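Chain naming follows the written order as A, B, C and D, and within any one chain the residues start at number 1.
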Amino acid sequence: MIHDYLVLSVILFCLGVVGVFARRNFFTVFMSVELMLNASNLAFIAFARLQQNMDGHVLALLIMAVAAAEAALALAVVILLHKQTGKLDTNVFSLLKG
Amino acid sequence: MTNDFMLLFPVILVSLGAIGLMLAATSRCVQIEQAAWACGGLFGFAFLVQLAATLTGDQALYSSLFNDILVVSPFSKAASLVILGCGLFTVCSSLSYFKKNNFSSTEYYSLLLFAASGMLLLTMTRELISTFIALEIMSLAIYILVGYDRDNVLSTEAVMKYLILGAFAGAFLTMGSAFVYGAAGSTKFALIGNFVATTGFLSNPAILAGSFFILVAFLFKAAAFPFHAWVLDVYDGASMPITGFMATALKTAIFAVFANFLLADSGLQQGWVTFLFYIAILSMFMGNFIAIGQNSLKRMLAASGIVHSGYLLIGLVALGSQPVPGSVVAFYLAAYAAGTLGIFSALSYLSGKGEQWKNFDDFKGLAKTKPYTAFAISIFLLSMAGIPPTAGFMGKLYIILAAIQTGQITLAVLGIVSSIVAMWYYLRLIVTMYFHAPERSFAEECPSRIGTVSTLVLVLCVFAISLYPIAL
Amino acid sequence: MFAHLLSVMIFLPIVAGLILLFAPLSRTTARIVGFGVSLAVLVLSIDVYAGFTATGKLEFVEYIPWIPSLGIAYHLGIDGISLFILMASAVLLPMVYVLFGTREKGYYANLLLVEGAMIGAVCAADLVLFYVFWEVMLLPVFFMLGLYGGPRKIPATLKITLYTIAGSLLMLAALAYLAVQYHALTGEWSFSIEKMGLLDLSGHAAALALFGFMIAFAIKIPLFPFHTWLPDAYTEAPTATTFVLSAIMAKIGVYGVIRVVMPAFEMEFARYALFFAYAGVIGMMYCGLTAIAQKDYKRLLAFSSASHMGIIAVGVFSMNVQALTGTIYQIVAHATSTGVLFLFAGILEERTRTRSINDLGGIASQAPIFALFFAIAMLASVGLPGTSGFIGEFLIILGALKFNVAIGVLTGLSLIIGVCYMLWLFQRVFFEKSKTASERFKDLSPVESLAFVPVILLILVMGIYPHPFLRKIEPSTAQYFAAATPVVAQATTVTPALAADLTTEKN
Amino acid sequence: MEHSTFYLGMIPLYPLLGAVCIGLFHVLTCKRWQVPPLVYGLLACVGPAMSFFLALRVFFELRALPLDARFFTYKAFTWFSVGDLHLDMGFLADPLSGLMLLFVTFIGTLIHVYSIGYMSGDKSYAKFFAYMNLFLGSMLILVLGDSPVVMFVGWEGVGLCSYLLISYYSEDRDNVLAGNKAFIVNRIGDLGFVLGMGFLFWAIGSHGFDFLSLKANAHMMTESSILIVCLLLFVGATGKSAQIPLYVWLPDAMAGPTPVSALIHAATMVTAGVYMVARFSFLYVEVAAAGMIVAWIGILTALLAAIFGMFQDDIKKVLAYSTVSQLGYMFAGVGVTAYSAGIFHVFTHAFFKALLFLGAGAVIYVLHHEQNIWKMGGLKKKMPITYCTMLIGALALAGCPPFAGFFSKDEILYSALANGHFFIWLIGVLVAAMTAYYTFRMIFVVFHGQPRDQQAYDHAHEAPLVMTVPLIILAIGALFAGFYNLPAIFGGEQMISHWLAPSVADQHPHDSFLLEFFVIATSVAAFAFGLWVAYKRFGKGAEEPVFTGFARFAYHKFYVDELYDAVFVRPYKAIGAEISEGVEPNMTDAPVTGIARLYMRVGTLVKVLQSGYVRVYAIYMVLGLGIMSFILSQSLN
């Protein structure tokens, strides 16, 4: 029972990971990161159930909050990027290298 | 409970200050300068308080507060001292930096304070939830600070990269802590430690994977080898003072929590020691090789930061042998912080408008026109290179001693070899500054008094730390 | 005589040097200050010399705990071995200020710094302190070489600096190893050089540590094949730097071997001694042969210096009291002969604006006094009896012969090799018809001559009446062979073999 | 001894002080005003004269001592003392050193006097006399030294002075090269000396390293070790005394001023080797083999040099080779353990060879530095005194009875034969004939016949008094020195042999009248034969011959110099050049530079990894993760 949740969360996590380096659009990349966070949320909840205590739930909530904050920041960055170059393709932003 | 607050006083001070400044920023009447001074003053005050606590405070090795969520240990005290000091000098260098670049505002300083409070928390956390929160408080503030120059494409790019990868790593942290929590049933390091001690480390895949993921997250923040790639670009994009702040305070905080995490139970530390071993070696050498090729000072320093993470990892590997756990790491962090901050505070007023001068060749013949600055920079470089009688040397000596004492002779020797390799790019700048004819008159920089003063103070620190090494 | 004499001798020049660096002063003032300070050091050193009673123990000891938790201390003291290097630096350095008057302020400041650092390295009785001074010693050289050096100075600077630091970092690892071993042995932390004598290390790790030390010292000495930084550095460096490097700094490498390596690694040292001795001999011949082919007299002298250092090294590794005493003596002799030759080379360069031997000639007739002094220093460096060079070289050959006949004979070859290139140099520069470059060569001014007279006298006195000097050295060196340490064991395993086939004495 | 021996130390000190005084005086005055040369000349003569008188005193004090304890020493101070090596700066006066002392100081003084005349008009006059005094001082240290090491001090000192004086006319490269050659070749010998001392010390030196205690402890040493030591020391001797294979420097050494050739390269320094062997006689008598080697090397050198001497056309070269040849005799003498005979020959040789050189010097002087005998001729009318004195010298050298050379040479030959070394004797006789031949070849060509260079002849005149007087005195010596050791057969009582007996370990053959008579007869015959041939060919003046075949080969000295040059000098230089051009940069230094270069290369390569694409960075992380977890899984099972 629990294991299915875990398997699911792991799958989600892996999807997120693949998304991060497979996709080039900033939005998509960031959504993949969010996906990973949610995967860990799922895991927390599942484990909380397993362990019969509330810490997991607490953490899940906190993670959501943090994710929201990060999202806000990310959007700000998106706006900046778009303002400056009009593009969101991460490959465009490789001025800093070498 | 009161005692707890007493011990937490610096953190509280800093975070309240942050909020206060943030509120103050809304009103027009507060000048940026005033904010800066306030911020600096706050850091200074907190520093003194912390110092007093360290010197006079109870010598109990661990005094845990909020039923074991946070712990104040000599190590954490030392680390927070370093962090507060970094904050102070960052403010100073920011002051001189913003004489040339005008994108500062009151929030800038409050964000500094936020980041600092996150770091301070991070040094004390003994529990996964609070670790995560502290980490994020710190990171979010830093993200913003990195991208603070909104009109600058580079800094935007930097923050973009940092944000993605940081969040990526953060996700690993959460996943890892999820697994660990799932296995051990608690998020407190101590209990996890007990669990590992009882059930064993390798037996439980959840613990294994979880601690593994957490490790990855830490290594990312510490910019250790396979997870180092972001550091050059981010440092390069961020503004000088922030780069300095990240290079020192952030690294301190991360290694503090890292050490706590590993200290909590020897089981984990033993389990990961082989990995840390290889990662340390790889970080040192890759860092060096990256640094050789760099022409930009900032990138060189970033790369050398990777190398120093390598050394600190040696310190973590040799954690067991230290009289006071983590003392070596803390000392090395202090030494490294002094040197790095010094260079960045010098660069803050040398790099000119929009950081137009940050390559090696831009500093040809600096010694002719600005002998004292050149001298100071040389001292900092020598400290980072670990030449006596600077602080860096003592740090290196301690690390080597600890490594050998734990029987990690290979590690010690490789560390030495890598520092030999590192000599070149530190000396390179000195050679450029002293032995080449000046190509431009460094007239346009007016070294703000505060900048020079802070640099000078840091020079003194470099020597003071080595000559009177606080017996941690 | 007052307390903390050594500390004063160390920090007076360093502080003065730093002040000079930062204070805006004219070069003449700097020169005068430098001269004054170095004279003061000289006076103090004479005080030390007078007060030194050769007991073989450390004297003038100062002990201030520095890092108690690790047993690191500010611990000074000198014995017969360090005394003479101390004296050499104290006596020789004042000359430089007299001879080279037209240099920058930083030049003199760095000279003061390096003097202090070298004295510190020699007086240090604590490994960490020794290391600190050892490294600090290099920095002024780095700056002098890079700032005031010849045309190809920067590559030379980087080479010597990186090379030397590489060595000393290895030493750092090695001394950390020593400390840890000591901690494991006694349970207390200490870096005191004396206490390291209690260790008798053996095994692979010890061998590694030994080589860590040896590489550091070999680079400094320099011992073949670690000498390749030397020709460039010596040639490009301003004269005073070359002088400091060859006359004193190289000796501190030897000193390190005697003081740190021999007592701590008795077993391993004895095992590898022969190997190192061969390195010394080969270096002696290699550099000696190379010298003959040089077109640049400074380069020639550089190689000759390296060649003589080879002999000194042999003396260290021959492991008997004659050789070791001879080594210390030769150290001073070499400082007063080869070092001084570098000063002459500097004068030559200043006045003829050339470093090529082929451009010179017939100086003997132009400048008799210069030629005379040069000749005396040269004869000392080829070890002619009646000069300081002979005593040391003779003792070393004697000792080497006892240690190993082959080594002894090869060491003896230095008698011939040295003479070949030196005479060649002397012929080309001082004899024959004078060339355009040397036609109007100005002889030493009275002041300059006066500056050289003490050294020249020292060369002769040390050659004719060495006993008082040796009497101060011998107790310290004899100590190494007093107890039945493996070194002695090793040494004595050789001796009977030799003695047996020499004498029919049955006892 | 109750009487003070302090003056023993003064003997070498006087000339040394003289040298220092002259040097300082010169250095201080040369800049300001011109000092008349005579001042230096006289100043220089003081030191040697004083030493000579002290030497006389030594001689008489020794005479006064009983035969068995006929020595006394003076220890100036402890020279150095390390471990069980203890050395005093001490001087030993015994019959051997006493005798050497006498004639070294005597001839030295004379030659100083002579030099006043010869060197007049030379620009760096003071330097010359300073060197001469320095030389004499070192020579006296050599003679008086009471331990091998002190002896070595003088040994090298005289080497140095010979170098300085050979390259005295330093404008000319050849002279300087000759000087270098002398110094380096001597150094090769000295290496032998030093190593010899080394072995000697480790054998018995710990019981005291002065000659007396060495002599006392010599019995402890094994045959083999004695042989080693003897041979090594003899290497030193061959260097100093120009024996095979190290004789090559002496002919070139004639580049120096003639008084130098007379004093250093004929009378005193070159005989130091013989003296040293005699000093160590207590070792050489222990092993016959050592003596044999010495003897054979000596006699062969004598032969070789005689052959060369027959074909030289430079008057000083003729004398130089005759010196080498005579030195060969001396070694033959000491080799066959007739030490007193050897020293006796040293003694007589000093007189007549100094005489010959000074005579030649006079000739050269009046002919304005013309040395080629084929440009001279018929000079006997012009300079009768020089002629007579040189004739005496020649007769002495050629071994014509009753001149000095005859007795000493005869003594050597006799003891060679008597000690059963037939072939050494035979070669000796042969060499005697050759000696007579080339000596008189020289005499005839230079003084008889018609002048070959008329114009030079016309300007020729008798040498000044200051030069001729020493000639005369020496001539007297050359005449009568031989009688000091008149063998029994002539009713003499071999004063010198008996005099030396306490300090050298002679092995006297039982005197047999018949044998001795035979030896004398043969050597006289040899002399007569050589003289006759020389007269036949050159007696009535002859033109410069053109050499062919063997003669040509000998004229070029068997091309030995060229051989050495090809075998030793050139390869040495070549190796040096090779190392500095090839090995140093390409092998020794290669690792260092190579590492540096590699390191830069890596630096540039690694830059590529920093591609700047954030995705790539993420991939690094994941890759690292993957690898680590792979390792982890490996470690798990």
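Rule of thumb we're sticking to: contacts are C-beta pairs under 8 Å (C-beta built on N, C-alpha and C of every residue); 3 or more make two chains touch, one makes a residue touch a chain.
Keep in mind it's a predicted model, so treat the numbers as computed, not measured.
Under the contact definition, chain B and chain D share the contacting chains A, C. Each step here moves to a touching chain, and the least such steps from chain A to chain B number 1.
Taking the mean of all protein Cα atoms as the centre, the chain whose own Cα mean lies nearest is C.
Summarising the inter-chain layout, the chain whose CA centre lies farthest from the centre of chain D is A. Chain B and chain C have CA centres that are 43 Å apart.
With centres defined as mean CA coordinates, chain D is found 97 Å away from chain A.
Distance between chain A and chain C, defined via averaged C-alpha coordinates, is recorded as 65 Å. Taking each chain's centre as the average of its CA atoms, chain C and chain D sit 36 Å apart. For chain C, residues touching at least two other chains, in rising order: 162. Shown for chain A are the residues that touch two or more other chains, namely 20, 29, 90, 93-98. Annotation for chain D: residues touching 2 or more other chains are 607, 610, 612, 614, 616, 618. Chain pairs that touch one another are A-B, A-D, B-C, B-D, C-D. Of all residues in chain A, only 6, 9, 13, 16, 20, 26, 29-30, 33, 36-37, 39-41, 43-44, 46-47, 50-51, 53, 55-56, 58-59, 62-63, 66, 69-70, 73-74, 77, 80-81, 84-85, 90, 93-98 touch chain B in the complex they form.
Contacts from chain D toward chain B in the complex involve residues 599-600, 602-607, 609-610, 612, 614, 616-618, 620-621, 623-625, 627-629, 631-632, 635-636.
The part of chain D that touches chain C in the complex is made up of residues 23, 27, 30, 77-83, 85, 89, 124, 149, 152-153, 155-157, 160, 163, 167, 170-171, 173, 176-177, 179-180, 183-184, 187-188, 190-191, 194-195, 197-199, 201-204, 220-222, 224-225, 572-573, 575-577, 579-581, 584, 588-589, 592, 596. Contact residues of chain A toward chain D in the complex are 17, 20-22, 24, 29, 90-91, 93-98.
Against chain C, in their complex, chain B makes its touches with residues 323, 372, 375, 382, 386-389, 393, 396-397, 400-401, 404-405, 409, 412-413, 416, 419-420, 423-424, 427, 431, 434-435, 469, 471.
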